[in-house]
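Got some structures for you, see below.
Two complexes follow with chain A in common, the first pairing it with chain B and the second with chain C.
Let's turn to the complex of A and B:
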């Protein structure tokens, strides 16, 4: 027990609920993702059966729509990225020389939120009908007004996606902090193994793209649950064709979704690219040709991915100049990709290839990706897209690229299986699986190019195309069958496989192969270092020596601030990084061991699951749903509190490479990364407001939609309150630095009081607006009145929610300060302040936009 | 930074917020909307930069932290700007 720091052995079930270790969590991710692959795969087989003949005679119309929509969502969200992040969890710390992620409990929380979000998705099938509006969730089709029946299942799916997004955001913050704070000595960013590099770039894209998706989902959920009208063309019942009073409704969703959606395709593909590059290097025995350019290309694609989204909107009413610009950027993004493809081909040409299973899958992925990429370029041309949009050409294209990604990841599964399990799989059977897989894949998707005139997402199609669809269905079952071979192989090899040893692959050089299979709990036999150019493990003495030398030489903080600060603690979905700030920084005296077990992440996520399930049905007024929401909320909140109080040690590394964040302590870096995603979240909310207002007519808006009673004064008062509270937070810091307990407490209590004042003032204002009786607004001005009221209440409401979270943290800190905390160490207050000032800054823009202009 | 510096910033922020309201009370929003718009937004930007630079200490952090924040902001602006332009 003591040896494993409170973590039960792997054979014990309780270990898997408690663990915060990155390798355990990596395995959990892999298995869970494979489960969702089967889930989504079975749905696909069902509707492929349906498509043997044109017509909905097997699943029925609604059944077909549900199967297609949830298949897409499950595969894109719950299978492919989490599968990649199973590898990322397991390997990134090993590859960069860290003993775990920066915030292990947060990592466990990400996993449990992910699992429970998937379960919520599963439960939605039992709420009448589940979501049936296509994985792109276009509006207004997916607002309750247009969903047949009660639509509770659809709401659950939207909420499940919100929960999933929360998991992704926490994960992004965690990975970025890890990779910038915990690299082994001497390991520059550009030198980390290519898989980890690809994950680094993936996570950067995730941080920003998923924040935009979160905004879109929150707005959609609000239309579902609160009754706002963002995605409704006409609110007063006139027809939407002639007299829309929210003309931006549908395009708003398209912009928000695709601003996320295009980066998402690279988020899906980059980890696969990383796996391919690793396998190509190992199995050709060559370093990646043009590695530097490969990396530069990846960086370019990651940035460019945010400026191509409108190629998904060529058939909407956006203007021609913008379409042309986006056609150009789309052509631009395929260029760096070409470079990467050539680099892989050239590596292969120059090396001596060994056709092992992982290599076969990687090579297969490359071939499929080339076909997918070329057909994508067709779609990127406006004129061609006018023909292809909404047809099976698109379906074929994106399966060739996305499932190419999955193909590489299956290669990765074979590649790292010996590392993870210590056993070798059956090579022969693996190669056979590849053959069956590749055949099935092409038989499934290639006929779709030929039958491209089939309308997408529709179960009827011209009789003449039936032969191609029958072929595709057969291909689908062959593809499915190949997985049975894989599962059999990997399962049986757990017992019968030969021992793999530390490194079964000649020429595999990244650090995970330098330790045993599976690696020990804390990864390395000493502190990893590349200072001499190759991997070494330093003993405690050398470390102590080097730390001293570094501080003596004025390297400062970087090398000396190790050994303090606990793992980020309390977390609500959005306030994750926030709350980390209030975690007491446990001073760990040298030898203190890292913690590896906590039950709270599981409980928090369970509570979140119950809450969201409850929320999905509150609009029916049912007591069951209402009480689930209430009880779930209590469980979530209670376990967050428990998590904050739990002592948990995740020491910073004594020596590490930390460019370019060397003097930014890990909690602070975590907070800043989180805030960067929050900037995009609020940015997307404000952007949505600007967009629907432009669509309506910017200046007519104020006159037509906003009552005269909506005046500037309450906003101005709230601006004063928030500015003053921000000022008090910095004073609390100053007081803590000077070790004035009274000053610290007073400033924090003052902050709290001002924040409460802000909320009360806002509450009064809202009450007043809800109940006005003017000629223009005889029934008050509430959430559903018009698009202006919807944007006003939701955007300032989101801000109010941020204030509320801040106040809870502030109250907690005031109590701790009263008990003597923070004196002489103001860091926790500083981190809380970062969040609080951010909330203040947001208000600085909401105030003019919603009160003056 | 000591409390005096923080106080100076606070006073400036307070004054700018007031100035924004004054622009409205003076009727500029009615008479010259886009000028008022520009003035008010510029004041907001200056306030935001002030809070970030001094209260959030960005001035004293490595540049990379500022780039992180600017990155998020640019992403949000790109979305807003291009989306709005697409329907003009």
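Let's turn to the complex of A and C:
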């Protein structure tokens, strides 16, 4: 099977740059995440050393702030979730019976964007100072005005986070499409193993939560680079609270951040919960008690996670009714976890509990989580929360929760290591590591509860608490040392370990254990099916038979050559999503071998890295930074184009369970999910506008901040232009269906022309507003003039960027249509149309908000 | 356990000098109950977990439940195990404990939120403005200081804001804390029953000097406070104060719109008391 997939052997370095296989990428994720664990961990050890005595004698004041801030960012973003997604990449396709993820190149792109975003984070340390405003990045401390020096490092961190978010969004689209389109026959959504289910819910939360974060980060990056003033409450230099230019600035960030930040807690914890459930089932030899309720609990938490964010803001002056509501939702969201905990406990009853390393870590994680949960209930009582706010109680609590999650994931590493490597590690050493780890963990975090009166992120604390802080520091080093044991054990076992066999664990049930260790490139010896209620591998004949039977149901499409799309260097990631969602799909069901290699994802990400590094310094006007931005943009653009032109085969499964999206084609489902996150992105932008405007005073806003020259007419004309262009896309589809080449080309060119007209009109409008000379606005009305101009230019600018990307795709499609593409198969045009209509609908919201109200 | 809770609720309103229950007492009481109950629940649940893990451990011998339970098979469709009822019982108990605990604290929250009845207490109103890296306190006569002087046994209402970045003002021993947000006002109140010197700290990372952003808080006997306050009269004040001597009641928490200009602190940094 290993011929003609174009992938070098694992021993070859080039394989790891080329691979699009989910297992290889899973391994890359795991190793990279462990690297960032060490990175963030060393930073933690540095500031724990600092905290042995009160006073900043080791790192200095800013050094200390940088260490705590980047420790948080690295652990939350670059370690824990990607570590979980290493397992998700490796195991979800295996557990649900798929060959790979739905969009393998997109998956590789996610990984490389993740790696390069982390490298950009690393580079920020060398640009003077890196970000020092805490992982929560509260405004306005996160704006250049309050960042010492040039602040380029902080800008790089913001851009790195944007790049990371792009990786996450692409990953979410990919996983959702995979899980809804590629399950083995007979496997309903509720039947997939609990780890895969936890990933499914995690990516749903990611899709929406990270879109809100993306909005926050794009706005922040714009404040850094373009000079908008969203997070600056004082623009003209006066600092009186009574005369603020943008009184909503600080709270806007808090809302955006926590709207993301609270689901993020569950995004981090759910995969760990999934691992715990898997390990409990296997190592107790029992099925998960109350599995159905366990799943329902997780679904409830996933939904409710979006309505608890204000419990991070109880002291910001929100009124009592809102506090009460958020107190109730917060308590409400804790209860499903009680059920899940008890479900795990009772799963042990009448079991055959074996204290293997993975089980020890899972059980340890459960106990730590129980402590984290109980101390969290304290925070649910608002009177207590007020006093715990900003103290070590919070620090201790969330480390007990989040690092409990990490504990379970380390259990997962020991659980699946034999599957991934084919080798067994030294069990005794693993158990010893658990002992050291558990001791170090509790010695590190438990004293923080006792020393809870210490404010967070300070290096000065009362002498009386020194004993507890010293203890924590010692615990930190013990915890760190335990990882040396783990790395040693797992590294040496690659060579010295005994062969693990297909399934080293009694009572393991999920499909990854039914194949060899490591599994073959295309995962299964035949087509996996649960149609009989038990896993079977069907041979080609049976598959052919069943496909024929099911063909009436619309499976197994004819070959599509729906190649379209390219990029727009400016908003590379958005374009990447669009481009790949439309990658040529030669679906000759199983006939051709799937492709597994592409160099483009690496190149696109490298280009993105250089672009962002350049962007971090463009405000200095430095030639080096400017040329990096330009060159990086070219590389990104070029490689996205290369990626679109590359023939890459990712066949759809001949037979698969596809509820509830059996009638939605793979690309279309990908596009839908992507647009869903885009809706949240625009929603967050529009919400931000409404928030700062209400904070300023809805009517005073118009009177004080907007020049008379800002008239309705250009917006009205643009509304007509866009609506007409949407109509033309529909005509292009009709023409393609009727196989009228001229009609298709004409309609696409018409769409393109109207879109260009939109941009020109907007350009003229902006040009005019930039240079007005009125009494109220003697220096024009530009991005930095006031908060109204910032919201206007950035929000409509984001929309304009969407239009530009659409136009590039449109031009590309027009050329292809001229060469005869799409005739009789209008699906590619339909996907583009979905995007284009969406962009139009967004405008229908923006026009009244920014021109009429 | 319930009797324990009851014995505490009976002691909810002990009156102190000044007739006002201090936030620090409210906090101490709730915290104590939570600590005791939390520890108890934690010990029980963790012990219960360990009991299960150890009782059902595989000792290498034959499966004692071989004829009672069916073990999972490779490749089976995932299903749930038996024993769901016990999960629900345990869950219900935990839910009752959590919900009743939080519900109990809610009445205390109302007290903290609304404060003691303003008609009965002659509250002292002080504006607090955070800046990098210190605090400025403005008294009703517009006098400003960097040390907070307050009289013993009198309700002090704080209107807190910031002139630069997001801070958080807290006096840990007096259990008062609120965010200091540029462009916004938040309010909080406390009373100090004991004279002495306390510390106000910043609880939100605000830059290089965050760790050192500490202000002194002096709780003086009422007469000493009065004489200190009278000595400040007219020293920096503009004289057209409408909110003199704290008779004006604070507006609800943080209004997005700023309060009247007369209540705004003088913008001069530092102050006589510093």
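Keep this in mind: the second predicted complex is superposed on the first by the 816 of 853 C-alpha atoms of A that agree within 3 Å, B and C clash if a C-alpha of one lies under 4 Å from a C-alpha of the other, contacts with A are read in each partner's own complex, and residues count from 1 in each chain.
In this section, a contact is a pair of C-beta atoms (placed from the backbone, for glycine too) under 8 Å apart; a residue touches a chain by one contact, two chains touch by 3 or more.
Note that this is a predicted model, so its numbers are computed, not measured.
J.: Touch test for A:507: chain B only (first), chain C only (second), both, or neither?
T.: A:507 contacts chain C only, not chain B.
J.: Taking the superposition on A as described, I'd like to know which of chain B and chain C A:524 touches: first, second, both or neither.
T.: A:524 sits against neither chain B nor chain C.
J.: Is A:317 contacted by the first partner chain B, the second partner chain C, both or neither?
T.: A:317 contacts both chain B and chain C.
J.: Using the touch definition from the top, say if A:367 reaches chain B (first), chain C (second), both or neither.
T.: In the superposed model, A:367 contacts chain C only, not chain B.
J.: Going by the contact rule set out at the top, does A:39 touch chain B (first), chain C (second), both, or neither?
T.: Neither partner.
J.: One more residue to check, A:251. First (chain B), second (chain C), both or neither?
T.: The answer is both, since A:251 touches chain B and chain C.
J.: Would you sort A:734 into first (chain B), second (chain C), both or neither based on which partner it touches?
T.: The first partner, chain B, only.
J.: On the A-aligned overlay, A:752 touches which partner chain: chain B = first, chain C = second, or both, or neither?
T.: In the superposition, A:752 contacts neither chain B nor chain C.
J.: Quick one: name whichever of chain B and chain C touches more residues of chain A.
T.: If we count touched residues of chain A for both partners, the winner is C.
J.: Where does A:234 make contact in the superposed view: on chain B (first), on chain C (second), on both, or on neither?
T.: A:234 contacts chain C only, not chain B.
J.: Go through chain A and flag every residue that touches chain B in one model and chain C in the other.
T.: Overlap of chain B and chain C footprints on chain A: residues 248, 251, 313, 317-319, 694-695.
J.: Please give the residue numbers of chain B that touch chain A in the complex, ascending.
T.: That would be residues 2-3, 6-7, 9-10, 13-14, 17-18, 20-21, 23-25, 29, 33, 36-37, 40-41, 43-44, 47-48, 51-52, 55-57, 61-65, 68-69, 71-73, 75-80, 82-88 of chain B.
J.: Spell out the residues on chain A that touch chain C in their complex, using ranges where they run on.
T.: Residues of chain A touching chain C: 56, 61-62, 64-65, 68-69, 132-134, 138-141, 146, 148, 186-187, 191-194, 233-234, 239-244, 246-251, 254, 281-282, 284-294, 313, 315-320, 323-324, 327, 331, 334-335, 338-339, 341-343, 345-355, 363, 366-367, 370-371, 374-375, 377-378, 380-384, 386-387, 389-391, 453, 455-460, 503, 507-511, 513-514, 530, 533-536, 694-695, 697.
J.: In their shared complex, at which residues does chain A touch chain B?
T.: 208, 211-212, 248, 251-252, 255-256, 259, 306-307, 310, 313, 317-319, 322, 660-664, 669, 672-673, 675-677, 679-680, 682-684, 686-687, 690-691, 694-695, 699, 712, 716, 719-720, 723-724, 726-727, 729-731, 734, 830, 833-834, 837-838, 840-841, 844-845, 847-848, 852-853
J.: Enumerate the contact residues on chain C facing chain A in the complex.
T.: 26-27, 30-31, 34, 38, 41-42, 45-46, 48-50, 52-54, 56-58, 63, 65, 68-69, 71-84, 86-88, 90-91, 94-95, 98-99, 101-102, 105-106, 108-110, 112-113, 129, 132, 161-166, 168, 170, 172, 175, 177-179, 181-187, 201-212, 252-254, 256-259, 261, 264, 267
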